[in-house]
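Next come the structures, one after another.
You will see chain A twice below: alongside chain B first, and alongside chain C after that.
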Partner chain A sequence: MTSSTYASLLGLGAAVVLLCAVMTLWRRSVGAIVKVLAVQGVALAGVALSIGIDHHDATLAVVAVLVLAAKGVVVPTLITRVVRHDPASRETQPLVNVPASLVAAGALIFLAFAASRSVTALAPTATGRLIPYGVAAMLVGFFALATRRKAVSQIVGILLVDNGIALVAFLATAGVPLIVELGASLDVLLAVVVLQVLATQMRLRLGSLDLDQLSELRD
Partner chain B sequence: MLITLLAVPLSCALLSGLAPWRRATGWLGVASSLGVLIGGVVLATGVVGRHAASGFHGVLRADALSAFMVIVIGVIALLATLQGIRYLDAEIAQGRSTRRHAALYATLVQGFLATMLLAVLAANLGVMWVAVEATTIVTTFLVGHRNTRTSLEASWKYIVICSVGIALAFLGTVLVYLAALHVPGHGAHALDWTSLVAQMHHLNPGVMRLAFALIVLGYGTKVGLAPMHSWLPDAHSQAPAPVSALMSGVLLTVAFYAILRFKVIADGALGAAFPRTLLVVVSLLSLVIAASLLLSQRDYKRMLAYHSVEHMGLIALGAAAGSTLAIAAVLLHILGHGIAKGVLFLTSGEILLVEGTSEIEHVPALLSRRPVLGGIFAFGLVALLGFPPFSLFVSELNMLRAEFQVGLGWAAVLSLVCMAVIFGAVMTHGRHMLLGPRGTAAPVMTPALVAVPLIGGLVGCAFIGVSAWPLQTLLHAAAHVVAR
Partner chain C sequence: MSAAHAAGVVGASAVQVIAVAAGGLVLLGFMRKVRARLEGRVGAPILQSLRDVRKLFRKERIRPDVATWIFPAAPVVLVATVAVAAVMTPLITTQPAMSGGSDLFVVVYLLLAGSTLLALAGMDAGTAFGGMGSSRAVMIGALAEPALLVTILALSVTTHSSNFPAIVRATLANPGLIASPARLFAVAALLIVIVAESGRLPVDNPSTHLELTMIHEAMILEYAGPDLAMVTLGEAMRLALLLGIFVNLVLPWGVATSTTALGLVVGLGALVAKIAVLGGALAFFEVFMAKLRLFRLPELMAGAFVMALLGVVSGLVVK
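Let's turn to the complex of A and B:
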């Protein structure tokens, strides 16, 4: 792979990850959001694979396949299962309306570029320059978490944060050591399973996945 | 040795899950906790003054600090598993839980112990992160074990907030790894704590500053430090009492152990000033929040939970001081707070069981109505508020001394003000719960299975408060791991 193809592939992957994060704020239908999340997982796997090929790193290629399976297939399937029985949560009801959310996302992207200056300075390579994209995707995830009150939207928020950080890890250090990568992926998968189980219990007990109905614990 | 230590709770987790819960399953759990405690003592005698132990192809590593944390885990696990028998007996007797569901509880508690042990025994800071994240996953089901609407709310809030917090800690870990990769001559083990410490003076300061801030914020979420503490009162008040004891008594400090490990590296890379400022800020914020929210508490389990936020704030302030004296006091406080808070949560579980409510208003005059239970609760509060002879008195005093020595006197004074407010609030709540006329009913005794371990815990807490033996050398060695 020539270096310019490599750089543009990476740039494309990172941009898709960020774009997908912003799209989750824009789309209202949960079905569409889950598809966007799956695309983001595929893009993330693509970034890992490109770096793996460029570095001649077989481990990273294996990791890319794992990421593809976990974030591109398994996690979206799990989330789809949560909403299947709950028609009310097929639409998100953000506390902040869509145009305002998109403006906020723009501000967060600026913030991400400003905050990652010290990191990009240490890694001024084709990969290092893209780190702010991952940070931005993470911040958008935080925003989604803070402004959505549906259980499914919060799971999506957590996954956006996680994917953003994974992108930073691939770009900054060509992935963390394999044992850490495996453990971290397993943790994320298990966390999604736990969230799915909790959401199912919530639906059985409350009849909906609206977190506003869960507000008994307060001071 | 190290792998055996992990295998004990893991095999007990498997065994407990095989069959529906019986009392024997409960005693198996107690045996496992005892095994962990003994393992911790053996480990401590093995590593103090000698080289760190290492195991499982270098994935596991234990120095004096790890050994000390293993002992803390073992002590509180012993108390919690003993009380767990009582909890599950009652749940099954009252028809709130089936024997299958109880077996799941036993399995998860052992899994919880295993993940905490892995966190303190990991050589690699990435593996440590994986273990701390795994504690969240295991404990979520334990928080929600009572399967009520409120416990569901608490476990949802718990896993969402803690997953996000711990994700920040992962980003911090990745940045530390990035800084380590840019030091020439790094090995394949760039995330191993020992190799990071060996090259800490060469790590890029700009990246390390960002990384340490993320670490404090991220692991601070699991510690229950402000501003990410909001899950703690909910989870700790909704979880079954033995789980609250484990979470409040050890899980918080296992997460703080992670911050201590990173603090050593950050001190080396950045100098003491930046980590200190950061820790002082989160510590004072936690103290102020704990003090203001404790005043208006109506629920005694939530009161205890906010008290944990206060103590984590005190520990963070001690760590900010960072001298050997301060770290030794921090570690003693970790053990003392763990025992006292564990005993209090277990006692509150018993109170909830026999009184049927967790509202302070509705459980008056415990001392005369239930003398043993009330007495344990009273002494537990006395220990937690830092009175002699309990060890929290010694550790708080030494932390304050250390803070004055390094020029953090102003922060120490502020922490004293918060402690005074909390003292007043807890005394008011405690007086209402403990004192008052009995009425006509005869005093009710508490079963020995419940009372003896709790009294034993308090006696132990007092013993380490007055006697330098047996912890002195271990504390000193462990403090030297952090304060160089």
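Let's turn to the complex of A and C:
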């Protein structure tokens, strides 16, 4: 792989991760958002794999396969299953309307790029230059967390934040140790499983997955 | 050399204008045909739109009594601005006439000048429908505008120039630019903006005459005869030009870098093939698409805006 193809491949992967984060704010149906998340997982795995190939690092390639399996396949399947049992959460009901969210996302992207300028100045390599993408994806994830009131949308926000952190980790350190990556991935997987259990409980007790209903006491 | 070169440049631009004018109407017929076939109808012949325009040109000229000079001027200005834009965009050759002034901003605002006057003319006739159509068209235009500006910025960041022929030349010299994230985002945003500006699905339904949903058709409702022929011609030219701009930004191969006769023929063939493929694809997807609610359009345009913004940011970060 020549260095320019490597750089543009990495740039494309990082940009797709960020684009997918923005797309989750754009789309309304949770089904579509889950598909976007799956694409984001695949792009993340692609970034890890291209760094692994460039560094001749077999561990990173294994991590890439794990990321692909966990974030590209397992997590989206689990979320789809939660949504299937709860027709009411098929559409997100954001507190901020979609155009305003998108403009806010644009502002957050600029904020992320401005804030991580000193980081990129430290490491002006092909990977280091892309760190702001991960930071931006993370901020967009936080925004999604703050403005969505459904349990499913909340887990989507957490996954966005996690994917952003993972992207920064890959780009900044050329891959964290396998055991750390395993821990992080399993953590998220566990969170999704917990969500599934919680969602079932919430539906049994409340009949819906609307988090606002949790703020009141009930008999 | 210089006289021959000048003749070549003028000839190339003349070919471009004729190709856009004739090709635009054929493209309209072609897209209608594709839709009709996919919907299980036979559809009108591809050249039907040419015949319609010829028929309209022969008809009597009727204008509303209350209309001012704007009403008859708008169709002429529409056709003229698109023709000027067609002269200077690198559709067939990267050396069109006035290529020094062929800035993307100039091209885009020439096209907008025509649409703006058409929107004014829609209100000029003094009917409720025309005003409603104009207000909707202007709303879409106002939403598409920021996205379009940022898209142009994203396109110029990668090539350090907003001169359209220079962008195409730089892309031809360095094909890696096409796959760069900045260009991909900009092109995706541009596609959304072009669909909105040319009034195709999911923004506007070009084949409807239902008063609740129509935008463009409502605006030109008062036009008849030769005026309507000019409006139809202008709109068809604009569609062809916008698609031509798009395909030459996405896949610039085939565009002649000289103004020799052979190069022009190859360039024309490549342009027709590329536009036919893109137009066919647009018509194909339109069959499976519903029109968006008018109040959902800001979401679509905000999406295009953010996509273009991502393009700018990527262009600045990934060299």
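Definition applied: the second predicted complex is superposed on the first by the 216 of 219 C-alpha atoms of A that agree within 3 Å, B and C clash if a C-alpha of one lies under 4 Å from a C-alpha of the other, contacts with A are read in each partner's own complex, and residues count from 1 in each chain.
Here is the rule we use: a residue touches a chain if its C-beta (ideal position, glycine included) is under 8 Å from a C-beta of that chain, and two chains touch if they have at least 3 such contacts.
These figures come from a predicted structure and were not determined experimentally.
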So, after the overlay on chain A, do chain B and chain C clash or fit? They fit
Between chain B and chain C, whom does A:191 touch in the aligned arrangement: first, second, both, or neither? first
Partner chain in contact with A:83 - chain B first, chain C second, else both or neither: neither
Scan A:180 for contacts with chain B and chain C and give back first, second, both or neither. first
Superposition-derived comparison: chain B or chain C, residues of chain A touched: B
Does chain B (first) or chain C (second) touch A:49, or do both, or does neither? neither
In the overlay of the two complexes, what angle sits at the CA centre of chain A between those of chain B and chain C, given in steps of 10 degrees? 150
Which holds for A:205: it touches chain B only (first), chain C only (second), both, or neither? first
Is A:36 touching anything from chain B or chain C once the two structures are fitted on A? First, second, both or neither. neither
Is A:60 contacted by the first partner chain B, the second partner chain C, both or neither? neither
Touching A:21, do we find chain B (first), chain C (second), both, or neither? neither
With chain A overlaid, the minimum CA to CA distance between chain B and chain C in angstrom is 19
Chain B and chain C footprints on chain A, overlapping residues: none
Quick one: in the complex, what on chain B touches chain A? 59, 124, 126-127, 129-131, 133-134, 136-137, 140-141, 144, 147, 149-150, 152-157, 159-160, 163-164, 167, 170-171, 173-175, 177-179, 181-182, 188, 190-191, 204, 206-207, 209-210, 233-234, 237-238, 293, 296-297, 302
Given the complex, residues on chain C that touch chain A span 176, 179-181, 184-185, 298-299, 301-303, 305-307, 309-310, 313-314, 317-318
For the complex, which residues does chain A have touching chain C? 4, 7-8, 11-12, 14-15, 18-19, 22, 26, 98-99, 102-103, 105-106, 109-110, 113, 120, 129-130, 132-133
For the complex, give me every residue of chain A touching chain B. 115, 118-119, 121-123, 138, 142, 145, 151, 154, 158, 161-162, 165, 168-169, 172-173, 176-177, 179-180, 183-184, 186-187, 190-191, 194-195, 197-198, 201-202, 205-206, 211, 214-217, 219
